[in-house]
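In the part that follows, the structures are each spelled out as structure tokens.
In the two complexes below, subunit A is the common chain; its partner is subunit B in one and subunit C in the other.
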Partner chain A sequence: MLRIIKYIMYDILRTRFMFIYFLFLLLSTIALFQLDSEASKVVMSLMNVVLMVVPLISVVFTTIHFYNSYEFIELMLIQPVNRKVVFWSEYLAVTISLSLAFLLGVGIPILLYGANASALMLLYSGLMLTLVFVSMAFLAAVLTRDKAKAIGVGLLFWFYFVLIYDAFVLWVIYTFSDYPLEKVSLALIAFNPVDLARILMLLQLDISALMGYTGAFFKNFFEGYAGFIFSTALLLVWMVLPVGFATRIFSKKDL
Partner chain B sequence: MRDTMRNRCVGVVFYVSALFLLLSSGAMAKEWKLSPKQSIAEVVEQAQAGDTLRFVAGVYKQANIIIQKPLVLLGEKGAVLDGSHQHEILVLAAEHITVQGLSFQHSGRSSLNDLAAIKCLDAHYVRIINNQFDNTFFGIHLSNSNYALIEGNTLKAQALNEYELGNGIHLWKCKNARIVKNTITGHRDGIYFEFVTHSTIQENISTKNMRYGLHFMFSNDDEYLNNTFKNNGAGVSVMYSHGVSMHGNRFEENWGESSYGLLLKDIRDSEVIDNQFLANTSGIYMEGCSRTQFHGNEFKNNGWAIQLQASCNDNTLERNNFQGNSFDVVTNGVVVLNTLKNNYWDKYQGYDLDKDGLGDVPFRPVNMFSTVMERVPAAIVLWRSMLVFLLDRAEKVIPAMTPENLMDNQPRMKPYDYN
Partner chain C sequence: MITIDNIKKNFGALQVLDGISLSLNRGHSYALIGPNGSGKTTIIKSILGLVVISSGSIHVEGEDISRQWAYREKIGYMPQIGRYPDNMKIGQLFDMMMNIRKNSGTLDEELIETFRLRDLFDKRMHTLSGGTRQKVSAALAFLFNPPILILDEPTAGLDPVSVEFLKDKILKEKNAGKLILITSHIMSDLDELTTDLIYLYEGKLLYSNPIKQLKRETGHDKLGKALSSIIIQTQND
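Let's look at the complex of A and B:
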């Protein structure tokens, strides 16, 4: 398995996409630090990058990569290798390279310009989002045979979680505003990994405002580690479930 | 700077005159030395006006000591007056009494009476200096006592429930008091003023009190300068007063649903100048507040920098810094009767073509989503999402939900340097 991962990693590095992604993150982070002297404002701007760009790149790159290495996968499957091993090698190689590009691209400037709790949380939530969206893109990729269709499905995932789902949540909250909505709103958030990552950031950036909320349930959630553990646990579920489904589909699929 | 110089001058004059007073009376006054075995009440009985009572180190388990003549009570290091959890300790009921360097502990608790470590009744010109108060119900309690000086005291209380606590420094119906450099922790209200006029609260540190760091009612023409109010249950509240000056104070980390850095209710003709509001849930909450000047304040990392209720009018917010707040200004109406001018807003994205340091397009500090949150607080879970960002952008172009006229016409491009 390690050897397959190694070959896939070589393949990924050869396309230079990873390098460009790394450079883009590095330069934009440095630029933000240069433009703004205040670290907290930089983190706020970077948060938009993390919540939007990271999922998008993860989805697009993963689907394209999967279809580009279709022949390689077919070749591997001719060998006496388990299908799951091939699939998991693909998954791990993509995850590791995207995560590394993100961690280095954003992490190096953060370390250079001074790391604080909210910056570290930013790295953490970016990493989690990478894992989740790579996992989702693999699901999208095994669902169809058509490359364009798979990219479309991946983009739909992205668009849905970044925008449409939140609009739905806002509509629910607004329509049922006469009812106690604390638990409902938190439950709704659990169904969106981007929102979960955002909550992790809110706990760092807006804790003074969050503490102004009246509900005891909310307060307990935001105080201490409850919110952090809740978000992390659910993000892990979001990572495991799609790739689990994808593995099952892939191992039975007629290539 | 000029203010602190002036204060220092006033302080020096005060000390010199106090010294003269001490020296001139010292010539004829007698000094009594007390040890824990003696009855304080008897010595007080025998002493003449102007005498000094010196307490040597030790625990004096004596309470309800009533002083009705001008004496000086001096504590040596380690002299402790103990109220045995039952009684009031000292009652001052004459003019010109000085209490200095003593420790007080374990006063009684009562829900009927305001039991205090030091209670002043009609005692003008008292001086309470450098004392220590541990676990007292009320620390220093003044009623109808003018020209008091309360300086350099440390008050600490520990209790789990609010009803077990009294106020640290409590003034009722006083004039011309000076409360300087005290440290108050863990009381109900750190400093409490009711019907107190022409008084100064200066350089005190009031932290971790269960209710307000400073509670201020019906008290006109007072000033509070350079105090620190940190981590109090409900912050600082100033109500039903006029002519109040607040300069150079720090309001920090007052967190909670009804916790405010500074709560202003029915205040008029006052000044809030050069203060710092750091990481509070609400920096300033104002209701029924009019003709008040807010200049040179710094609002940093608050949940809401200013909650400006529609009942406020003719206030001016000028040359303040707004940085890193989740929401800068929220309001609950559309009528705008207040002026915002030349403030620095870190969320401002306009330009300055004529390079005069002021932005060329106005800034509307009311965020559309904060209006949504006023109606549905649970919506906070969507804050900083892409959707909210887009909605906010749309609202900025065509204001529909936010008051169109609540704006800073000439926002400053760079923050003011107030350090």
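Let's look at the complex of A and C:
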């Protein structure tokens, strides 16, 4: 398995996409630190970048990579190699390289300008989002038979979780604003990995007071280890489920 | 040896393989023929596990292949259209395959030498012509000295000299007692290379017998003629 991962990594590094992604994150993080001297404000702005860009890049890169390495996958599958090993090697290689590009791109400036708890939480949430969206993109890739459709399905996931779902949550909260909605909104958030990551960061930034009763309730819930473990566990579920389904589909797929 | 027992495969509503049973033995060399879309490549891909059959079973050397992978060590496969990672150099490709197959036996580099592939080891796969790709595919199929060779249109796209090299190599391996399965549309090649004929038509097995018997039955001594008379005969039945 390590041998196969090595060849896939080599292939990924050759395309320079990772380097550009790393450079983009590095430059935008440095720029934000230059613009603002207050670390928490920088983290706040970075958060918006991370919540939008990381899932998008993860989805697009993963689906394109999967279809570009179709020849390689085919070649491996006529060798005495287990299908699951080929699939997981692809998954791990993509996950590792995207995570490294993110951690280095955002992490290096953060370390240079001074790390604090909220900055570390930003790194953590970005990493989790990478894992979740790579996993979803692999599902999109095995569900379809060509590259364009796979990217389409992947982008649909992104649209849904970054934009549409939030609109739905807002609608629910607005319509039923006469009722106590703390627990309902907590449940709704659990169904969206992007919201989970956002809550994790917002609570670190200590601006939950701006969010009224629900904010106070969340602060109460997510503060301390229990809330952290709860959201991490949910994010892990969001990672394991799609890639689990994808493995099942791939092991029965005709090539 | 390979035993295929009543396999069926459908892609959606299209029944590609419709209850095929075959038994392929060592020391024989089989010509798998049939019109375009008759299921030849699907049978080959089923044996390799690239296509998952809907029902029936395939055994390679006595082992049921469903969800297995280690058996592929015994198979050398030359695809109809060899597709390889574009960015890789030929040399790297061969290194990678040797690395992944962790072969314990001796390597058979004869085709690498006769096709002079070593001179091209620095070329990237996407710069290669179709014929050179075919040579790479052929060299890879024979490289690990497998007891079973599956060749999907091996001579298509090769220049006449290389075709002769490849045919000599196939005959040599056949005489060494390997199981060889070839699909081709070139009857004269098959006449030289194969001992048994398998004829597929719309996913069904129409004819499967030694070529000598076919020639005796039909009274023709050219495979092409003998085959067309048997096709006409079965269509009249």
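Odds and ends about this structure:
Simple rule for what comes next: the second predicted complex is superposed on the first by the 241 of 255 C-alpha atoms of A that agree within 3 Å, B and C clash if a C-alpha of one lies under 4 Å from a C-alpha of the other, contacts with A are read in each partner's own complex, and residues count from 1 in each chain.
Going forward, a contact is a pair of C-beta atoms (placed from the backbone, for glycine too) under 8 Å apart; a residue touches a chain by one contact, two chains touch by 3 or more.
Computed from a predicted model, the values in this text were never measured in an experiment.
In the superposition on chain A, no contact is made by A:Ser99 with either subunit B or subunit C.
Of the two partner chains, subunit B is the only one touched by A:Met52; subunit C is not. Looking at the shared chain after the overlay, A:Tyr7 reaches subunit C, while subunit B stays out of its contact range.
In the superposed pair of complexes, A:Met201 makes contact with subunit B only, with no contact to subunit C.
In the superposition on chain A, A:Asn82 makes contact with subunit C only, not with subunit B.
In the superposition on chain A, A:Val162 contacts subunit B only, with no contact to subunit C. Of the two partner chains placed by the overlay, only subunit B lies in contact with A:Leu181; subunit C stays clear of it. Within the superposed three-chain arrangement, the count of touched residues of subunit A is higher for B, of the candidates subunit B and subunit C. No residue of subunit A contacts both subunit B in one complex and subunit C in the other. On the side of subunit C, the complex with subunit A involves touching residues 11, 45, 48-52, 67, 69-73, 75, 77, 79, 83-88, 96-97, 99-101.
Per the touch definition, subunit A reaches subunit B in the complex via residues 38, 40-41, 44, 47-48, 51-52, 162-163, 166-167, 169-170, 173-174, 177, 181-182, 184-186, 188-189, 194-195, 198-199, 201-202, 205-206, 208-215, 218-219. The part of subunit B that touches subunit A in the complex is made up of residues 255-257, 259, 279-282, 301-304, 323-324, 326-327, 346, 372, 375-390. Within the complex, the subunit A residues that touch subunit C are 3-4, 7, 11, 14-15, 69-72, 74-83, 251-255.
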